[in-house]
């Protein structure tokens, strides 16, 4: 059983709290992505699992045992570093064999395993080279091979794709996903790229400032962000956030922003943010009921997607549109289905359930 | 007039030909992106324009004059380096003022310009710091400010966003685009990220192995790739490429792949590639005429887009689908509209016009 | 399963680390004692009442009763210690370091940033020249400088002293400039600077760290030189600390009077002070500079 | 910064417009001698207001340091050094004046014949005024060695009685006989005690003899067989300091160190006696008897004006006057070279002074005033140390020293080894054999 | 501009000529203060010369290879001794420096409290003028009251004849002192090299199950191998001609046991005024150095940094 369980893990570096009371369970065979902005504590969390860093508080379980006391080499985990950490002076073969040699695996077995793994990752023709003679993508595969060959209980991957260029990153993403599907090993994967997280993960753990904000499936993270930060961080362009207030009036409970007024209920009055994904914004060239007049500030076309950057009287909105036929300065009218609206407590950022309608 | 014109530019480093006979014209005020994979010669081309590198053959024009013999400092261009190349010993203010001081601009004017530029890029509160005390995004803006403040005829930007994280990269992209829209200065921008190129460029120059493959607007590059490489490189996921042969039979001219047979005409018989964008592939759960039976290998969900990875008897196909309701192993049937098919010469890679139909 | 307590859970891993740390500290303390002992020995014997031959292990233990300032008084009460010896040594050391460094800056820059024809042979050439035993240069120098009437002049010593460090410091500077990204200079070029402008405004300010090591090395040589000084200094007013130290440490002309070891130590210690000051001021830079691969053994 | 106002003019034009003449002296007096020098110099300047005497600390005014200075025009007017090969070499190589041409010959009559012989070249020329006479003798700590031994066997026995060794190291040593750093200076005495000499009368080395080997073995046995002398006594400073602290019974040292011993141990505890007779041969060891002497550089070497030269001679003579030498005696215990000074010292009846006098006047040999003396020191140090470290025998060491001296003399064409080689050397130096033989006669004569 | 690649020399010259301006001061210094005096030394080795030539023989009398002949025949055994001693001195020193330097660097390369303090203190011997400290060592190595033998006595080790004993005694003393003089430098350089090893290599190895020793031998050593090699080469060349440690302590003795080239050169030149012989020994020394240095630089990859 290679479940990984973190129980109230906290890690302090002097004054900085890098990891703040994180608890989560990675089930056997699951692919969990730790997602968050730079400096939020992802790497630290991963290193605590590997044993390279010792937590200040809490316990780490791998399988059934507490590993707080176990040295990294005895945790039976493998780690792929952001920099790949290939040994520049060793040939690829020896790089891959390093861990086996260190564990005194018999030579014949090493040869067999290295060759198998290299074949699987299609790097068997590179075994005689040194890392310097490899391209970024090839190095990445060697790093993976080095982890795979050991057949550990848990794989830890720290931003393994961030050094690749855009095209290669996308391609390798798919490879890693397939690998996981094939091996069904427990994997913990760190990234700050939400696309990676969305496409790879069985479950995403969104972390910010050391705190675990949401731990759920990619679609849940995308569709039901548990925190304002999650809504903002996941998805491109970001969720539109409109600050407003839930007030009780004589006509009922309403959510007011400077430009929107919605019926809403289900929470205490107070300040909230209304979040709407660009995909959920409906743009039309003619005004309709409840529509908001905006002028086009810009259009971003990526070939398959078009994003419309709009200005309204009090701010800006981004909408995803299918046709690119807008010109800068043009007047358009936007509206959205209240069903798609998300609400977040202005103070804590936590998602709240409000049923809203125009 | 700040047109930049390259005329048969070739650059050799010993045996390597980094730039291979590139000719292109960047019109005044245009935003041109040089796009291509790592090592294709983008940076070299940019450095030839700046004068930091001297071409082996060909001529560079800026405005009306040949600048082949002109020192970098006299070309009136500004360059933003991938590493930003901020002077670590100078405060931000002095970093930005550096070029003005070098040109002996009066002090009062320097102060005014630096402050204006810093305000415009929202870094005026950082002017007293040294670069080491800035975050990646802030450094990037300082580098931009240093270029902007000089008000040069041409801006050269070498992968200015590649050191930023995914989220910041997306945000800064929009800033740069707006800046260009505001200033309308000639800009040449180097990147290997096709999304950046698509969203920023007025015109994209796609380069591979030192050769200019296509120089056209983003939509043309996307819709009418002039070369098999362009079709492959631009767009995510890549264009599906199916190798086949154009043959004359008694029934007319046909394009055959192992699984497809199309009527086609307009070119000599021979080997060609058929390219179809994932977006142009129609997936259905039931078979239809000319449809190809595939099984689902995987599904990539980014939140707003879903990509279906399919296997058919002879290979794989990627399709972009709206609904994520597919399960691995499921049988589906794909087809496409011949209008959306692209054809490329198998030998040269050049696009050919074939009118095709089922 | 009973959960171990927080401290219990930490203990085992910490224990291993603590043992290895204790061993490390032990090794480092032994090495530090080894490194500092002779320096302590110089210092302690300079204020020790006991004669050198009577020093035992127990008299090395700091003890106020054994202290005398007689030796320092003896050395310092002679005003020429300052007005001649120290002054001249500082003049030679500092001016040689200054001149040598300026030349080394230019050399290092040219070797690092230009790929001029002849660069590689040139580097081979200066490496080869570095192998010539410096002791022997004194004799040809002497005959050359004699022709130029530079014997027993400040200039006559400053010139060879400056030259003495230039090759080594030049290579040090080159290595350091190699580590500065070239695009900083390129940015300056595009910003409108000439190559010289880029050198003075970008490279020179950035190269400061290496100057610490450069100054120390270029200073120590002339400051402690004995061989060249003995051949070149024939007058009273140019005498240096090193020459004086040698006469303090060696027998007198009458062929036998004992050296006063206490005076010798006091003199040595005083002579070492300027170098320790330079070392402590530039310590950070010196260590940084050393890492670029010097050759002083 | 090149001109330095404080600089004493080394060369010509010293006689300034003011009529003042300045004279520069190279000196390296010990810390006890220096105050005497200073007061003599000041007294001289008071007597001669037109003459300024400057001094430079210069360790060894040997040919190799003087030559550069002479070439550079910064040579001094006066040098003070040992009368032996240094002084004679400088005269031999024509740096210094024959003082006979500058002062009345009666001026030399104040010096004892021994010291005058030390500064006489060729039996006729006098190149320096002697300031003192010196040599080594046996110095013993009366607390440990109450009466002076008369023979080496006695000496060794007494030394054994007082030697204390613990843990391989000597806490009290019986004898310290000398070391390599004096490069054979003391050894010469023992060599004579075993019947040997350094050079024959024709100038050829006579070191490769049984006497040399026997003397070497005798000294080495003090450490290895008799165990009365610690090993590794390579610097004088160390053993001087050991004696001062009462940890040595007997050492062989000269008057230059005596004041420091007396002040360290008390006058009653320091005894001086002639070196003991070598038991095997019945011969007395004969240490070198030399002088510290003051020479005046000639015009060619110092570029001095004749006024400067005259002033220099005047000062040199003053420095070696009866009164001055007594001052040196008082301040540093230097033995005067003047008969008057010597008489005065004897009249004081200081016991240790009497001991030195006996050694100097009865049992000593004169320094060789020849250039080849310069080739003796380094090879002696090299091969004697090889012998005591056990890597060669005494006989091998003796032969190696001899060979080295011969090869140097051949290389530099020193008689009797003026070789005619195939190399295009065109001229050979002229050598006056008669003079040498005369010198040898003086030097080898045992004054009894 | 076109086809300029065909004339790379002229092309580079056109772009790079300012380099010569920067190098000018250095070139002048090299020419006047290095090349010319070195040539003079070669010339002296062919003459009968010294500040005090035998009277009657003009200075600079050309004698052809007479001095070389002397060294190669009459003095041959001494010359052989000098060669062997110089090689032994340089090689043994370097081996010790590397072992001690690597060991301490490895210890300092861990996260340890106070390591900058250690580093500063450990570098003191290197920063103090060798001239002074060597004279002090001379006293500390004294057989009878030297403090080193006293310390050995604490452990009941009999005193060692550091300056007058046999081969291992004397060389041991010199090497001990030379280690003291130089180990700080090697330690710091190796430490810097180790610090340039990415930390994640060690972490990766740790997770992969490698022990500390395995990490040291399989990562540290190969990674900094070329730095160590280069520094060792430079250090070897420096030590070969390092004058003061031997001259001030043993002056080459006892016998010629510790005599190396530079010491001999100094003695010939300044103690015996045999300038021509000194020049001849110098030339031989210089040639040996070049025979070691040039191939080592050319045929190994040790000094890549110099040509980068």
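We call the chains A, B, C, D and E, going by the order they appear; numbering starts again at 1 in every chain.
The criterion applied here is as follows: a residue touches a chain if its C-beta (ideal position, glycine included) is under 8 Å from a C-beta of that chain, and two chains touch if they have at least 3 such contacts.
As the structure is a prediction and not an experimental result, all values here were calculated from the model.
Think of each touching pair as a link: the shortest run of links from chain C to chain E has 1 of them.
The interface carrying the most C-beta pairs in contact is the one between chains C-E.
With centres set at the average Cα position, the gap from chain C to chain D is 38 Å. With centres taken as mean Cα positions, chain D sits 91 Å from chain B.
Between chain A and chain E the centroid-to-centroid distance comes to 56 Å (mean Cα coordinates, whole Å). Multi-chain contact residues, meaning those touching two or more other chains, do not occur anywhere in chain B. Chain C has residues 52-54, 230-231, 261 in contact with two or more other chains.
Taken residue by residue, chain E touches two or more other chains at 139, 145, 150, 270, whereas all remaining positions touch fewer. By the touch criterion given at the top, residues 37-38, 165-167, 170, 173-174, 177-178, 181, 192-195, 198-199, 218-219, 222, 233-238, 279, 297-298, 300-305, 309, 320, 324, 328 of chain B touch chain A in their complex.
Chain contact summary for the complex, chain B toward chain C: residues 50-52, 71-73, 75, 77-79, 81, 83, 85, 87-90, 98-99, 102-103, 146, 150, 156.
Touching chain B in their complex are the following residues of chain C: 181, 183-184, 186-194, 197, 201-202, 205-206. Only residues 20-21, 24-25, 27-28, 31-32, 34-36, 38-39, 41-42, 52-57, 60, 103, 106-107, 109-111, 113-117, 119-120, 122-124, 126-141, 143-144, 159-160, 162-163, 166-167, 170-171, 174-175, 178, 195-196, 216, 220, 223-224, 226-227, 230-231, 242, 245, 249, 261, 264-265, 268, 271-272, 275-276, 279, 283, 286-287, 290-291, 293-297 of chain C touch chain E when the two sit together in their complex. Per the touch definition, chain E reaches chain C in the complex via residues 9, 12-13, 16-20, 22-26, 29-30, 32-38, 40-41, 44, 93, 97, 103-104, 107-108, 110, 112, 115, 118-133, 135-137, 139-140, 145, 147, 150-151, 154, 180-185, 188-189, 191-193, 227, 230-231, 234-235, 237-239, 241-243, 261-262, 265-266, 269-270, 275, 278-279, 282, 285-286, 289-290, 293-294, 297-298, 303, 305-308.
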